[in-house]
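Next come two complexes built around subunit A: one with subunit B, the other with subunit C.
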Partner chain A sequence: MRREGSPFKGLSVVAFKEAADHMASPRMHLVMLLVILTAIGSIYGAIGQIKETVGQDPFLFLRLFTTARDPLPSFMAFLGFLLPLIGIALGFDAVNGEYSRRTMSRILSQPIYRDALLAGKFLGALMVIAICLVTLWLMISGMGILLLGLPPSGEEVLRSFAFLLTSLVYSGVWLAASMLFSTLFRAPATSALAALTLWLVLTLFWGMLAPLAAGAFVPIDPFDPSTAVHQAEIAHALARLSPSTLFGEVTLALLNPATRALGIIFYSQLQGAVMGAPLPFGQSAILIWPQLASLIAGMLVVYTIAYLSFQRQEIRA
Partner chain B sequence: MTLSGRLFPAVVLAGSMALMAGAALADQPTAKPTGLWLTTDYPAVTEHMGDTATLSLTLANSNLPPVRVGFSLEGLPDAWKWQIDGGSKQIAAAMVGPDDKRLLDLKLTPPEGVKPGNYDFTVIGKADDGETLKLPITVTLGAASPDEITLDPKLPSLRGTPRSKFEYDVSIHNDSPEEATLNLVADAPPGFGTTFTEQYGSQEISSLPFKAGETKTVKVAIKPPADLAAGKYAVTVSAADAKTQGSTQLGLDVTGQPTMSLTAEDGRLSGQAEAGKEATFSFTVSNTGTAPAKNLKISANTPSGWKVEADPKSLDELGPGADQKIALHVTPSDKAIAGDYMVNVNSAGDGVSDHADLRVTVTTSTVWGIVGLLIIAAAVIVLAFAVTRYGRR
Partner chain C sequence: MSTPVIEARGLSKRYGPAIAVDALDLTVMKGEVFGLLGPNGAGKTTTILLLLGLTEPTEGSVKVLGRDPLREPLVVKSRVGYLPDAVGFYDHMSAWENLAYTARLAGLEQQDATRRIAAALERVRLPHVAQKRVSTFSRGMRQRLGIADLLVKGCELAILDEPTSGLDPQSTQELLELIGTLAREGMTIVLSSHLLSMVQSVCSRVALFHQGKVGLVGKVSELAGKVLGGSYVIELEAEGCDVPAVARTVEGVSQASRLSNGAVRVDARSDVRGALAAAIVAAGGELKRLSMDRSSLDEVYVRYFEQVDHAA
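This part shows the complex of A and B:
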């Protein structure tokens, strides 16, 4: 029997309730504490390094995000590693948690559809992540202005804001993935482990696996240099299957304006090129758009799979 | 009374000295004569008119007691002035001890308008013992020889373009019996730069000291203005002090030269071009020289895969002061990566060339951006389809 009305009725109620729950949960507090501490550490290190080494740079402010000081990695690298963790922490028991608390039937006995429940959970968690990232972004900008003593330029604000959006989309991908696992597995521990496994594989091991796989698919013929190029292209394409690679490329192009290309380039393409000249923001945006579009589309597709699986589930058990 | 009483032993001493000298004279036939003399090295001299004549006098005493000698001149026309200097002071009398001598300078200043000729006079020294020393002197006044400075350029006329440096070696001769410090002055048409340097040196000089009769060679470098029209030009070089001066003329035969400059419109040497699409940049070739530039060709050095065409590609001749607009059609390679590239634009003719570096910012097409949007739209459509198919449960 088809039911009437908008499938998203009650969406905002669920989303705001979810967001409020997350904001108050100790799990979120712990994860954010971890992120903020690492952020402060890496930014502080970066400022020290910048003060010591950089004399003049038109994009000094962006260096806050990309400069690493031993033993701490840069803020950009930290976020690439920790953003998935936030997404997973907020999503791994989104659906199966309701089952284990036996609250699913109670919620769905209210006049809201499952569509609104899942979308509300997703949007609520995304809202919380957005709030945290904006806070983090403002905190870093403040620290930068305070400790470097110079305000960011308009272009730098644009670029770091684009970086903020990319971070949100990237954690959205992992949120969708962990919600997918929470609909697939009934036990929250299983879904958490599955999500963490995927995270480890894609962020840590994928970069090593992709060239191996490419080597297996397309062996290099020592007498034909074009096979080496072909293999490198395949390896690159495989590596881009991981959202972590895409995120890395996007942040690189956004935060280092001198980045002109993100793939394999031939020497002839660089002939006559003025090295180190920064690209205008529009060109950097064109450069990263395929990656960003892939991240957004990936997030939507994973959410759709989670949605399908949730819609077809028996929930009264 | 007291004076003679004091002098008496001195006279006695002088007498004994004379005796001893007489004994010595007997022993050595070459012994000095005893006496008091007023002498000069050259008792007959010729002086230039208008100069102060200086004669050195010597008052010598041999084997006599110290004696005071007062000086006067006799036989000199009234208008002449004279003085005797000793020990750099004007004196009227000198005192000379035994076996001693005094060196004195007699300075004679003839009056203005004095006639050339011989003037005889006598310097008289009156010793206080009554002896009178007489020294006749003849001064011949001759007409003053004119002082002269001659300048002699080794190569008085040079040929070159307005860009070249004209360098002349000029030997300067101080043809006078006096030392002189000569100022070096060049009188050149406006815009010309002139410098005087040592012949083998780089220091610029404005004046040079010359001894009497000395010759020195200086180098005169003349830099004509760059936009000088072809023609012959003359520069007068002179060396002068307060009294005399000498000068010579240096000739410059300037030939015309084309000078080419390649400039971008508004001086902007940067621009944007989309990868694979033609963009046009305007340049101007102008001849700022003084002769026509011939066989001009416009070319560009580009990254590989780029197409650059100049319109017009070449010019047969560009007259002095003329300019020509050049449209440069630049097509970046369609595989060009976004960012800045340098394109070297050259214009070259017979003997002239110029170049400009054009910085082209390549932008990439937004077509792939639309593809990205389509991918997202496809994902949304899938989601929407899922919602309509499975929604509202």
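This part shows the complex of A and C:
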């Protein structure tokens, strides 16, 4: 049956209202405080480390993101860990919160489609994340310029901007996931717990589970060395099911221009390569393209599942 | 009073084997205050959701303001206002912001919206708390804010689900007066309730729901006639004579008995209040009270469900 009227009516109204809500919510303030504090800590550590290192590096600015100084991990690693948390914090009560506030039926009795409500919530939260990431990025650049006296080069700006975009997509995956849980579970606490569980499993344990699972599925035959390669490839493929693995690979290739390959590579394939020589941005972009595309696809697929389950839901009070 | 605002034909909604609404036929005319009356779980809320297009019927069709709420939901929803049972607002936003949000969703211009919100808050007597957070509001204030929401939208048809549930008597009275005024200004109102007294005081017509079916439709007085079979129940208090005995001599009285509180209950086939009073005074009695309150919807309601349950 064909319905009349645009599904996008009211989309921007919902999106801006949600964004304004998030901006003012204490939840968001807490998460951002956490992110900014870790950012300052890790960047400060990185700057100290860089100052102590003697040697030339054409991508010194990017080292800000990737250098770790004990006991702090690098900013990149921190962000990989905390970005999902931002996404979860903004999405876990998106739909069920409307039910528990009893606003759902009143909002849906306004002349908008359900599509606009869900998409508006998603875009609103994504907008807030984008604003926060840009702020963070500017803050880091400022710290780098002030404390190192070093302006970023054009290529570095490009690479760190691509990193910014990847971060946005990565937290978008988690936003979509937590919104999916918020449509599946009626209690916001349950959906938050479910999202946090998934987050822990995929960011902490998946990296350990993937090789184990690969070992169980494809055992190594000691007389056939190709089985070892096969197992490693399977383990790698399994690990890539987790968005955190994909995010790690993309950031590695973007922020460390010397990265030539993500995955197993044979010595013979490196013949003629100048080890440690940086790739131009275009080549790095080609390298990360499958990962980035998978992240975007993951975000869209999870959002679509959330959308379907929301469309099929009965709206009772 | 001639154009139908709601026309439902054979409307059914099933959740698996459970039947929420069963082959419902319903016509509501423009300018009416129509009451959906029935116990909890009789299918009133589901019917309302079907009318708004918020849930899809399993069978049957419905036309609201001449349009199909499933095919043209945006048009229907922009002309129909809905006040859900225990309406919710965004607690962290002020009353004004909440109304402004729905005004934007309804697609109103900024200036128009500002004017309408101010007028609506004035109407529901909440202008003094316009900038206060809704979390500080009482139940009655929220309900009135819900009415303001409908006024801002400027809807032609307002559907109110249990508008007075959980309100104290004063808030209930205020809300009913507000509903009455809106109806006099030409808004068609459909309200659901299990409270008979409230339905009786504001509704021009009533549909009695029972297990997803509409048992009876009509004016309150007509319903009384249909269900009670033209029987009238009069309660009276008098001293100085044997009241039940005197009452039984009056023409048209079928039964008279003393109640536990000392009053006498008289069942009659017509309105015999005048004759009854005269008979008691003639017998030397002193008439203290004579009333016919309960020959109302309450009685219709109880009797109707008794009949249905006996039939089942």
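The rule we apply is simple: the second predicted complex is superposed on the first by the 313 of 317 C-alpha atoms of A that agree within 3 Å, B and C clash if a C-alpha of one lies under 4 Å from a C-alpha of the other, contacts with A are read in each partner's own complex, and residues count from 1 in each chain.
FYI, a residue touches a chain if its C-beta (ideal position, glycine included) is under 8 Å from a C-beta of that chain, and two chains touch if they have at least 3 such contacts.
The shown structure was predicted, so the numbers you read here are calculated from the model rather than taken from an experiment.
When both complexes are superposed on subunit A, subunit B and subunit C sit side by side without a clash. In the superposition on chain A, contact of A:279 is made with subunit B only, not with subunit C. Once the two complexes are laid over each other on the shared chain, residue contacts for A:265 go to subunit B alone; subunit C is not touched. After overlaying the two complexes on the shared chain, residue contacts for A:107 are found with subunit C alone; subunit B is out of touch.
Using the contact criterion defined above for the overlaid structures, shared-chain residue A:308 touches subunit B, although it does not reach subunit C.
Contact with neither subunit B nor subunit C is seen for A:237 once the two complexes are overlaid on the shared chain.
Look at A:5: by the touch rule set out above, it reaches both subunit B and subunit C. Set against each other, subunit B and subunit C touch different numbers of residues in subunit A, with B touching more. Legend: residue contacts after superposition of the two complexes on their common chain; A:212 is shown touching neither subunit B nor subunit C.
In the superposition on chain A, contact of A:187 is made with neither subunit B nor subunit C. Of the two partner chains placed by the overlay, only subunit B lies in contact with A:290; subunit C stays clear of it.
The minimum CA-CA separation between subunit B and subunit C in the overlaid arrangement is 7 Å, rounded to the whole angstrom.
Looking at subunit A, you'll find residues 2-5, 113 touch subunit B in one structure and subunit C in the other. Residue ranges on subunit A touching subunit C, taken from their complex, read 1-6, 9-10, 13-14, 17, 21, 24-25, 101-113, 314-317. By the touch criterion stated above, subunit A contacts subunit B in their complex at residues 2-5, 7, 113-115, 260-261, 265, 268-274, 277, 279-280, 282-283, 286-287, 289-290, 292-294, 296-298, 300-301, 303-304, 307-308, 311-312. Within the complex formed with subunit A, the subunit C residues making contact are 15, 45, 49, 52, 54-55, 70-75, 77-78, 80-92, 101-102, 104-107, 146, 149, 153.
Listing the residues of subunit B that touch subunit A in their complex gives 302-306, 333, 335-343, 359, 361, 363-364, 366, 368-369, 371-373, 375-376, 378-380, 382-383, 386-387, 390-393.
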